[in-house]
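Look at the two complexes coming up: chain A is in both, with chain B in one and chain C in the other.
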Partner chain A sequence: MNDRVVIPANPPEAPELDVEPETIRGFARSLRSASAQIDDLGTFVGGSARIGDWQGSDAAAYHQDIAPIGHRADAMSLALRSVHQQADDHADEMDALVEERTDLEQRRGHAMQWISGLWQRSRDLGEDEVPALEADAARCQTACDTLADDVAGWLRRVRASERRMLQTFSRVATVEQVEKKYGGVPDPADEPLSRMPRGGMPEEVRAWWDGLTRDEQLAIISASPGSIGNLDGVPAWARGEANETSLTRDVAAWEMLEFNGSITDDERGWLENARSAQDALADTRSRVDPVTGEPLVSQLYLYDPAAFDGDGRVAVSVGDLDSAQNVSVSVPGLTTEMTSIGGNATNVRDLYEASRSMHPDQTTATLAWIGYDAPSGLDSGRVGFEGAATEGGSRLADTLDGLRASRDDPAHLTVIGHSYGSTTMGHGLTDHDVDVDEAVAIGSPGLGANAADVGDLDVPDGHFFVGRNSDDPVADLGDKGWVNKGDALGAGLGRDPAEDDFGGRRFQAEDVARGGPPDWWVDPTPGVPDTIVWEHSNSLDMHTGYYDPDTESLWNMSQVVTGHTGDEDLMRADHVHDPWYDGPRDPEADADIERPSTRQRVP
Partner chain B sequence: MMGRGSGPVVRLAVVLVGVILGVVAMTGCRPGSGEEEAQEQGLRDSRDQTVTELTAALDTVTAGLPAQLRFSQGNYDTCRSDLRGATGYAYSVNGRLDLAVAPTRADLTRLAGLLTQAGFEAEVVDEATVRGTKDDLTLRLSRLDQEPAYLFSGGTDECFGIGRDRAGDYSVDKDPIQLG
Partner chain C sequence: MELVPVTVGLASRAWDQQHIDLASAADLVGGATTSGFTAAVAGPAARFIGDWERFTDALGTRSEGQADGLREVIRTYLDTEGVVASRFLLQAYVEERR
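So, the complex of A and B:
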């Protein structure tokens, strides 16, 4: 060994960072919801707790007594909000520091390998090799010094972040501190809210929102989440944060009433709706992106658990609606209400995962939109009429406008309507000016009375698609025209969009269980008493499997959502044909069923 | 334009069907049976078998390339449903393998060889994907274009019916797997 060459010592290790940023974020969300709850108390005491007709000395005494409570509640709300904000920042900082530590550890690993190599070379070193080894050792020393500096800097940032968090806590640790710091301080949300355009176009809303400071935006999300949670034109991240603040607050409040035994039937229904949204978000976030392995982003784009006489209104995304290159909006149909969001979120999650897996170089966000009062439960009879679809089409058009207005860079936007949801989509596309790139009808009983053919739809030429399983009894309801009108005598909701005269582009969407037994049947076994047998492979499944993984339908929809709409990009299907002399014929009924992988890249 | 009206009787029938479907979906009424328990057990067995087989196959692949497992996750894929959501599932797994350098089309042949070594019948499907099959199990690996990685997915097509009251338990894989 040559002792003339100084080989660097091992560089310092960045200490293990035992932190879960997502847990800190959850804590921050709880603080924000608590802040919103307490802010509501302040508002109540300051406003609605005042009884207009009650005057005189007793009323004055009462109001004098409760005034400090309101004052204190407002201060407490602001204090919690400040801690929430710091906790949120702390979580972001910790995310960055965890990533930085991984990088530092990788560099340390390389340095150790380098040092080990230097030691090996230094054994049995020839005289002529000394200068080269000295030079290499010097370079290694420089790299180790830089790494040591970076580790020290990283450690300083860890401590500084922890210190800021602690300081924020310690500033509001007592009621006195809170009152001193925040008592009488105007809520930073109040003034910007007073300027909010009421009933304005999404573009005006967007301009108002963009004109706010970051602090004002965050203050509104905390203090008045209901004012922007469902407001078209506000970016999805802010709507999601606001709606989750409302959601957490509502669940806490109604669970308290449930615990006390004082919850009303209405409130119990709203609680069930809210929990459904909570579960859908949690389920989505428990999954990871199929390309990056990062947890899935999910935004609560609509939240109104008491809407539509308690059926509720909700929309949950998979992926980031603000930044994704492709955005799709899925509109479900019959039986849909807020408690159905779990199944609908699974559908759009399958669409998201397929789109990402098939085209990993593109980013996508898919939205399960239960934003209208679909026929459901006891009012399912409305499925035979277009009233709910007409009203829903208007709401859908507003949502599409909002998604467009809230972004600078236009997403490739696809709207997908299933079943009665396709009728709703049809009204959105015929009764309103919308700006979508693609539209897809699956399992459609018709797009409504205003859609005689594709020319009536506000969709670019050649970008209206139809997926229809030939065994789907609902898709069979659409009017085929001519003599027989179809198996259901044209009792559907307008023209069958899969028919050749309609002018849409049909893709293969056959169900793998096509041709199976019906939903229930009488056991024909000789000697066995008549028994009604239920089969899982049922006719209704022929109508509900369009989003199932590894199906023609999901594969084709993913191609459309990601903008791969050339004839060679899709599994094209022949149209339903209705000759004048006979009943309609669906050539797909005899076609082979394919099982394309929706988790495989499309080259 | 072709006519599109419908008689009141037919319209009434559609309305009634809507009401029945809505109420059935709302109440979730569907008779239970021992068959459902057997189906659920079948799903669990399918999961165990998929995880065991794919773990072994990916061990061979990661050692041979070499590659590192970045992540894996299990999926209960909906294969049967009604208006309220899934009523049947097939189990599958997907994930990602990271490599030192981005694979080219030529590397797929080598990957197919490793799958063969792992007991699969393997073929290069197209310029991006290799598919291996072993009995009723399929494993696919697709290379990414500009990243040194393969995305993989594997499972069987077998669909197991799960009663509506139990279907919600399978909305996500609540006992996350980690292959390799």
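So, the complex of A and C:
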């Protein structure tokens, strides 16, 4: 061993950082929702709490008495908002610091291996090897010194971030401090809100939003989430934040009434709607992206639990609607209400996962859109008529316009209508000017009376697709051939888009259980242990499996959503044909059913 | 005698609603999870939410006080002889609804 060479000591370890940034964000969200609630009190005192037609000494005393309450509410709302913003920033900083610590620990591991190697080499060292070892040890020492500096710098940043958070708490620790710091301070949300375009085009809304400072945007999300949560033209991240502020506040308020036993029937229904949205978001976020392994992003793009006489309206995304290269909007049909969002979010999650798995080099976001009053419950009878679809088509067109206007870089945009949702989509594409790249109808009973053929749809040539399981009884309802109910009675939902005369591009979408096999069977594959396999069998199941993984339908839809729409990219299907001398014929009824993997990259 | 319009009753109901909303806001604050912070921050964070739960609750109590005060005004007014015209309408606001 040669004692002339100084081997560096082990570099310092970055201390454990026991922190959960996502939990901190949850803390921040709770404060923001409470802040919005308190802000409402301030608004109330300054507005409807004033009783204009009440005169006299009692009235004067009352109005004098309420002013300080409003003053305090406004100050408390601003104070709580400041803590929310600091906590959010703190969570972001902690995220970065956790990542940085991982990097520091990796570097420390490498340095220790290096040091260990130096010690090995220093044993039985020949005289002529000393200079090389000295030089290597000096390099290692430099690396260790740099690492020690970086660890110290990292620790300083941890402490600084903690200090900022603690200072924020201490600045508003008493109501006196709150009044002193925020009393009489104008709410930064008020002035920008007064300039918000009312009833404007999404492009105007976008221009207004872009003209705000970041602080003003965050103030609006906290103070007045309802004013932008469903406003087309506002970016999805802001809508999502605003709607979740409202969601948290609503659930807290209605759960309190439920606990007290004073909740009304209407409020109970709204609470159920809100909880459905909350569960759908949580369920989506509990899963990971199949490519990155990161938790899935989910945005609450629409939230209105009391809409449509309590049926509610909601839209939940899987993926980031603001940045994804591909965006799809799925429109469901009969029986859809806000409480159906769980199943619909699962469908679009399956579409998201398939699109990502099949084309991992592309980013995608899929949106489950329950933004119209679909026939459901007692009014399910409306499914035979186009009224709900006509009104829904208008709302869908607004949503598509909003998605377009809220982004600088246009996404590859696909709209997908299932069942009566395809009729709604049809009205969106025939009654309005929309800007979509692709449209897909699955299990469609018709796209409405205004869609006689593909030429009536506002879709680029060759980019309207149809998926129709030949055993789907709902998809069989569309008019075909020469004489039928639409022509004779003006009834029904329009022509079958899978028919040859319609002119759409049909892809294979056969259900794996077509033809009515039993509900379950034992896998007969030789060498495979007995496995009970469940399959669809009844007629309604033939209508509801279009989003199932590893099906022709999901595979083809994922190809369309990701822009792979050449003939060679899709599993093409022949059209339904209705000769004048006979009934309709679906050539797919006899076709082999394929089971393409929707979990593997498409070459 | 000062006339008490029905809008006083409506305002009392609105103050009751503010009380409920503020109570739920206090619950939101009190229920905020502080376990995500580092040890150095978690303690002060817990103290912060405890204090703010009380501040918010107190604001709710003041709202309830306003509602009660308006109801008292209505009761006193209705007890006054000669009030006839708006008695029926105001009577509905004498009691707290929830």
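By our rule, the second predicted complex is superposed on the first by the 573 of 603 C-alpha atoms of A that agree within 3 Å, B and C clash if a C-alpha of one lies under 4 Å from a C-alpha of the other, contacts with A are read in each partner's own complex, and residues count from 1 in each chain.
One rule holds in what follows: contacts are C-beta pairs under 8 Å (C-beta built on N, C-alpha and C of every residue); 3 or more make two chains touch, one makes a residue touch a chain.
This is a predicted model, so every value here is computed, not measured.
Within the superposed three-chain model, A:260 lies in touch with chain C and out of touch with chain B [touch as defined at top]. In the superposition on chain A, contact of A:249 is made with chain C only, not with chain B. In the superposed model, A:165 lies in contact with chain C only, and not with chain B. Of the two partner chains, chain B is the only one touched by A:513; chain C is not. By the touch criterion stated above, A:22 is placed in contact with chain C alone, chain B being left untouched. In the superposition on chain A, contact of A:58 is made with chain C only, not with chain B. In the superposition on chain A, A:73 makes contact with chain C only, while chain B stays out of contact range. By the touch criterion stated above, A:293 is placed in contact with chain B alone, chain C being left untouched.
Looking at the shared chain after the overlay, A:550 reaches chain B, while chain C stays out of its contact range. On the side of chain A, the complex with chain B involves touching residues 279, 283, 286-288, 290-291, 293, 334-335, 340, 342-343, 346, 350, 353, 357, 360-361, 375-385, 449, 452, 477, 479, 481-482, 485, 488-492, 494-495, 501, 512-513, 534, 536-538, 540-541, 543-545, 547-550, 595, 597, 599-603. The touching residues of chain C, counted against chain A in their complex, run 2-5, 7-8, 11, 14-15, 18, 20-29, 31-41, 44-45, 47-48, 51-52, 55-56, 59, 62-63, 66, 69-70, 73, 98. Interface residues of chain B, counted against chain A in their complex, comprise 1-7, 10-16, 18-23, 25-26, 30-31, 33, 39, 70-71, 73, 75, 77-88, 92, 94-96, 125-129, 140, 142-146, 151, 153, 157, 159, 161, 168, 171-172.
Residues 17-27, 30-31, 33-34, 37-38, 40-41, 44, 48-49, 51-59, 62, 65-66, 69, 72-73, 76, 80, 83, 90-91, 94, 158, 162, 165-166, 169-170, 173-175, 178, 248-249, 252-253, 255-257, 260, 262 of chain A touch chain C in their complex.
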